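Note that the chains take the letters A, B, C and D in the order they are written out, and that residue 1 is the start of every chain.
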Amino acid sequence: MLEAIGLKSAEQLFDSIPQELRLQRPLNTPAALSEIELLDKFDRLGRRNAAAQRISFLGGGAYSHYIPTIVDHIISRSEFFTAYTPYQPEISQGTLQTIFEFQTLVCQLTGMDLANASMYDGSTALAEAVLMAERITRRSKVIASAAVHPQYLEVVKTYVQHAGIDLELANFDEKTGQSAAALAEAIDDKTAALVVQSPNFFGCIEDLKALADAAHAKGALLVVAITEAMSLGLLQSPGACGADIVVAEGQSFGVPLSFGGPYVGLFATRDKYARQIPGRLVGEAYDKKGRRGFVLTLATREQHIRREKATSNICTNEGLIALAATVYMEAMGKRGIQEAAHQCLQKAAYTAKRIAAVKGFSLPFTGPYFNEFVVRGPLASSELLSRLAKEKAIEGGIALSRFMPDRANDFLVCVTETNTREQIDSLVSALSEL
Amino acid sequence: MTSGITKVTTHISPNEQLIFERSQSGRIGYRLPALDVEESSVDDLIPKAFQRDDDLAGVPEVSEVDVVRHFIRMSTWNYSIDVGMYPLGSCTMKYNSRLNERVARIAGFANLHPLADEEDIQGALQVIYELQECLAEITGLPGISLQPAAGAHGEMTGIMIIRAFLDARDGAAGSARRTMLIPDSAHGTNPASAHLSGFSVKTIRSTAEGLTDLDHLRELCAHGDVAGLMLTNPNTLGLFERNIKQICDIVHEAGGLVYMDGANMNALVGVARPGDMGVDVIHLNLHKTFSTPHGGGGPGCGPCCCTKELEPFLPVPRIVKNDDTYRLDHNEPKSIGRVKAFFGNYGMMLRALAYTLTHGNDGLREATEAAVLNARYIADGLTSDYDKPFDSPPMHEVVFTDKRQSRKGVHTLDIAKRLIDYGFHPMTIYFPLIVQGAMLIEPTESVGRQELDQFIAAMRSIAQEAVENPELVLNAPHDTRIGRLDEAAAARKPVLRWKQEPSTDYAEKQAKA
Amino acid sequence: MTSGITKVTTHISPNEQLIFERSQSGRIGYRLPALDVEESSVDDLIPKAFQRDDDLAGVPEVSEVDVVRHFIRMSTWNYSIDVGMYPLGSCTMKYNSRLNERVARIAGFANLHPLADEEDIQGALQVIYELQECLAEITGLPGISLQPAAGAHGEMTGIMIIRAFLDARDGAAGSARRTMLIPDSAHGTNPASAHLSGFSVKTIRSTAEGLTDLDHLRELCAHGDVAGLMLTNPNTLGLFERNIKQICDIVHEAGGLVYMDGANMNALVGVARPGDMGVDVIHLNLHKTFSTPHGGGGPGCGPCCCTKELEPFLPVPRIVKNDDTYRLDHNEPKSIGRVKAFFGNYGMMLRALAYTLTHGNDGLREATEAAVLNARYIADGLTSDYDKPFDSPPMHEVVFTDKRQSRKGVHTLDIAKRLIDYGFHPMTIYFPLIVQGAMLIEPTESVGRQELDQFIAAMRSIAQEAVENPELVLNAPHDTRIGRLDEAAAARKPVLRWKQEPSTDYAEKQAKA
Amino acid sequence: MLEAIGLKSAEQLFDSIPQELRLQRPLNTPAALSEIELLDKFDRLGRRNAAAQRISFLGGGAYSHYIPTIVDHIISRSEFFTAYTPYQPEISQGTLQTIFEFQTLVCQLTGMDLANASMYDGSTALAEAVLMAERITRRSKVIASAAVHPQYLEVVKTYVQHAGIDLELANFDEKTGQSAAALAEAIDDKTAALVVQSPNFFGCIEDLKALADAAHAKGALLVVAITEAMSLGLLQSPGACGADIVVAEGQSFGVPLSFGGPYVGLFATRDKYARQIPGRLVGEAYDKKGRRGFVLTLATREQHIRREKATSNICTNEGLIALAATVYMEAMGKRGIQEAAHQCLQKAAYTAKRIAAVKGFSLPFTGPYFNEFVVRGPLASSELLSRLAKEKAIEGGIALSRFMPDRANDFLVCVTETNTREQIDSLVSALSEL
């Protein structure tokens, strides 16, 4: 083929790169591995992740829910998995129609009017929501609950640092673990938005309705973040409570833990803010023969048209993970999501009750919770959890001291429908033996 | 042609409805184990007011086989890499190995929680670390964060790093440097990312040759306000910026830094390294150059690679190695902060490392050679029929225009749509914006000569059709489930979600009918 | 209709060639680890005369992406259950759960060698044993072998068991019993299997009602030469042989045994048991009733289930349980012997057990009910437009004929082909042989009412087309990659393999051109 | 829906079944399991198969070869996996064209003229070959080598017991492990066929050319069985040696061990016997527009047309496994099959040499071998192998005493490209430590 285009050597392909800029040696990366060797290497590495092999009660923004087998089957279809962003609608209707369904499902679950085609994850979706609130209100102060996931807060901080936004934290109530009251108090006329997570980082459910009323009374928006999307199967939707922007991490819907990613950010808002939403949108469209199809639409908000004036810089999003979430929601359906949520609630309640009865353990917060709750133990939780892992092969929770040094003995326990009673009982007896 | 015979329009597969239109109350497609703990009254656990009261209205009720058929049918409406050549310029649609998918599904990774203790995630951290090492070697830039989730996210990260560095270097004076220079050929994410980091954008012209205009660059650099330059190299016209060294010097002398958009790194891997050219910071698109699947729009992974000097500003946590142990380093006071929860799109890192290791150092370079060779072959094959606005031989992608065809009223869009009839995905069209009627063709290394020849033959045949039978091209595609959609109408009165009509339940509707 | 516009014929996907026509010497699609032991000269290990000398001429040389595209493209030419309803009568094309596939791929089974020691394969044997127990309960027949690989294999096994039993019972006199009775509606494998076991076949007539003619049966049983009867129940017309008990009595009184072809057990599971009807031996098609995938023609699994009395004659090894240990019992002197190496199509047993367990006892019966209900619904929906040769309500499948349509020259084959245009796989046609122009429709439980209605609407629409526009039906299908093929010509001068022409290497051909 | 067809209860659906024949109670099979429970159950059962977890040198008709990842990807495509036998060619061309390629590949590898669309497995294919030889020659005596896989011989015995065929065994040479000479000697004018396996059950390569000549000289056919199809990458093809019918187990080509099945039987013969071949055949055909397609052809040989006069009773075959083998052969390609075969040969030779050097161990047969060979140990092989498994977690081979009680100390060792030198060395050192 080189000959066919009149070249003598492969090196000539790079004639336009000045000689002195070319690498004059082979890359110093490993030599090629065969399939057998590669799988062997990664199998070994996988086995070095002891945490993946243990009974687990870890949550905190990443949840172990059951994933129906068909989810992976469907997202592994070549036609979904090796397609690009659906820029050519005539040969991308599969992708486009599934995104339209995804948008609809997100609206139904969050109780909002419209949703986009996905954001990178819950944390970046939250950051974009804050920026959007600023654009809508043209106010610069944003008050966030200190009970929002600490990593989400960090991401928001990074995103807004050059946007002229003043980010304030409102503390949570030491007794209830909720933050709605403090947030409502901190609001003023310059406030663009209140930012709250519910269930919050401690698992406690916030009073969104009260917050929405407080925000709206001052002309501010209520931004709600959700890390445990499964809670939507059972808790009042943020939309019904009056939220203006709802973001969520969609990982609970059919996405493996996968060490933190890829996950999928859900982003929903009110109709009136449609032209301020970041990210891609798919809408209904018709061809000349009147056949219904779907297209990417309202693109004038986006970077490829609007460049520096776009509502966001996002381009590649989390398409395939949004598809996984779509398959999950449809396969589980109304009843499945409700039942999974119900089991989470019941199992968490059972676990909390049992742990609270163990000597030396208590539940510091009184607020209602869904499937996560904070436990206070008799010794430093980092030590307690590490012993639990090593001696009993149980990942018992997340030490809050990792994020809040003053909460040395507290840890966050998460229980889902995948935790059997046997596992729960073994956690409880392990705690009582420590 | 089956003339005189009405074609069937009721074929169930192309007429698959929305799932909501298939829902039938009472159908289920899941089964969970029975609840195995004592059940409390929900009201005892959660105040009524906090409980959902809409019974998840609208969420579909369907069986498992309904769901499977629904998605399998819809999938058949998509084109994909596995079906054929996907020559989308700038997008690098190369073959996505199934082996990498298998690696990503190994239980020790798929079931791993991101907040487990450091000592219990050593395998996962080692993967990140090894990939970092490979990317450092490939780019010649030693500081790396894999946290960004896509190219644009990497851009934002890189530009924020530049800003943090300048602010640290210049102190209060830094606030005077708030201009980011970006060529007119750049991808839209570049200005958008610069804006997110609080910069205002000034556009640099390209020369007739398709390269950065050095004079204009010098002019723009003369005012002391330049924080940096964002440059794609090879640029979005598929041309290597052969003055790159000089460009970097000019910017550096003006006190700015050089950001390289690495979306086109697949033209350089194993051949030349941005770090050796004077670039300060770059992002890579693992979902392009390193073959992690696009998945109909994502996920991606947009690592940010930078010089030693900029390393302290990278996002935290950084993944470092102490003896044989991998650690998370949160303690970097100069860091711009975290750009994403957890560690980024980890699954993509697994796939990218698998790609790097199965190719090996030789294979990485061979892939680059093949990608460039294939683009050259197409450039060669199409010049007789299409206008090629720049003379220089292209790297991994080549831009043509519709100049000749448009005389007959056939435009880039039409040519693209007609390609569909020939079994190919269209090339990238109308990008870069500076080329009128641009058609940006990137074959990648994942096509053999046979498919290249078929593509060239198709393009030539379309050129001929544009002369002999323009209607044929103007009305394309002819063979798809739907024709061209009225996008303007869709944007005017957007319908962005399905809404329940009074009764769409299938059984109810039937009962009524 | 895109009238006046030539349709593209060069679309690469429908024109995918044979892999041999894509081969290009030097291309590879695999990578093995380097040989890690000292290499000997091959000539030192194997005499030259024993070594291959043709360099595997003709075996293709292609890249991995070539292979993937090749098969993905070809796959799009297939209809499949996952795409839609597949109402092939007798074939029971029900949904194949992906969960069962996942079970079959669990490493502890997929990597298990069949000749490992008994104590190291306990999990695998337990699966066989549990499945045996379930099938015994479902059929009411306690002796089971899972060794047969498909229905026909199970038939052969069962008939050989009958022969071995008779020979043991009757001694030398057994040689007088060499006649197997088979209804004229039976599947072709029945007589073929009887023949394989050394029986000659006599055909029993069916009554106008579609059931076994008892008088004819009595007549045939009068000569003392009858070894047995092979009966399908429900029979291949979808009708339950309501005289089954009497039929069994007649055969038993004549000294013969009753073999039941269990291909239609999906109409009976949880509702009635062959063992309770007087049947002596039966085969099941796990690839029908128990939903293991058909895979474009196989694999299957055709367990043979029999009475306690016949148990000693089953193939060896038998899988038995002692306390908590599972054992292979090779020591059965009366056994007919082994019918397959190892243990049969084990992967299918895993899937079938998974099917049985996920359905549960209730779910198994519910599936039966749904299968019969769906067939009834179709029977009901089509009687107005198609001739239904038998009055009785059908079980899981229903037979219609083309009697009315053929007056206009439209035959079963045409109706079947036209269904393709509507997005359905045709029903089974021209079987059973005793019904002229038979269309045997089996919806299975895997379709909802919506799809049933679509199917009925399609069939009715075709009936109307047959009157109003018969050409439309006669020339169907209109929408497929190829039209009806000339099968007669294909059989006259069969081309059963590709052969290398002087030069088909792509690169060579190009070089010449 | 019941109502729609005028019924009141589901029970009425079964009115045509006499009341007394209906089951009046629920089935006594287990209650339904959810996905989670089912996977858990089978995971546990899988772990009870200790043999699957060990380093393995087991062969004897089922081989551990590397399977490229794309094989499972492709056979898992809904369109292949959930399709039926391709009776409707217009919507089955995917299946039909792959079978045509399969038939071609089998011909190329075996060196024969034509091949069918598959048989159940190697053993039943061999039985069918014997029946076919009888049909062709109308002779009744068949002489088989005693070095054919014992289970294959058992299956042949079962199949031919009522076909009026006289099956005689010819012994193998105690020194070389080969049986060609004995077979050639046993032939006479009544002989329909000589049946030989090569490499034979002991791994030894037979002199097929000599056998073919001997058979043909007496008007008999040579039937060759192959259990290790990978050997075809390196050994002279049976076709080139003059075989008349070649059958093989195709498991080595991309099919997992899966405890013995499903595998795939390859069946190839000479053009002149086309109308005597059992099973399905796919052939080229054209539509009215002259487009090439493929159809099932020569169906008049088959049971659905010919009933008791058919060439076989086979209907369902091993379609999906034949597809796996096709993908394997095409993905590996000419060079891959050659290299895998070469590595098998080299690694087996290395292993044999190393084992022979261990005190107390020897190789009883002198005939050339491909990747399997018999080892004679210092104690009963059943005991030796069981200790190897338990103490060293190595499946060291197959005790021949399972099939031939007089060969107490002999065992069959198989080495493939998947056995690393490390594994081989650990086997050797384990043997020397026992």
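Just so we're on the same page, contacts are C-beta pairs under 8 Å (C-beta built on N, C-alpha and C of every residue); 3 or more make two chains touch, one makes a residue touch a chain.
All figures in this text were calculated on a predicted structure; none of them were measured in a lab.
Farthest from subunit D in terms of Cα centroid separation is A. Counting C-beta pairs in contact, the pair that comes out ahead of the other among A-B and A-C is A-B.
Centre to centre, using the average C-alpha position, subunit A and subunit C are separated by 46 Å.
Note: centroid distance subunit B to subunit C, computed from Cα atoms, is 45 Å.
Distance between subunit A and subunit B, defined via averaged C-alpha coordinates, is recorded as 20 Å. The set of subunit C residues that touch two or more partner chains comprises 27, 30-33, 64, 68, 72, 76, 80, 82-83, 97-99, 101-102, 358, 449.
Touching of two or more other chains is recorded for residues 32-36, 66, 68-70, 73, 76-78 of subunit D. The touching residues of subunit A, when paired with subunit D in their complex, are 35-36, 66, 68-69, 73, 76-78, 418.
By the touch criterion stated above, subunit C contacts subunit A in their complex at residues 30-33, 68, 72, 97-99, 101-102. Those residues of subunit A that touch subunit C in the shared complex are 32-37, 69-70, 73, 78.
By the touch criterion given at the top, residues 1-8, 10-15, 22, 24, 27, 31, 63-66, 68-69, 72-73, 76, 80, 82-84, 95, 97-98, 358, 421-424, 446-451, 453-454, 457-458, 461, 469, 471-472, 475, 478-479, 506-507, 510 of subunit C touch subunit B in their complex.
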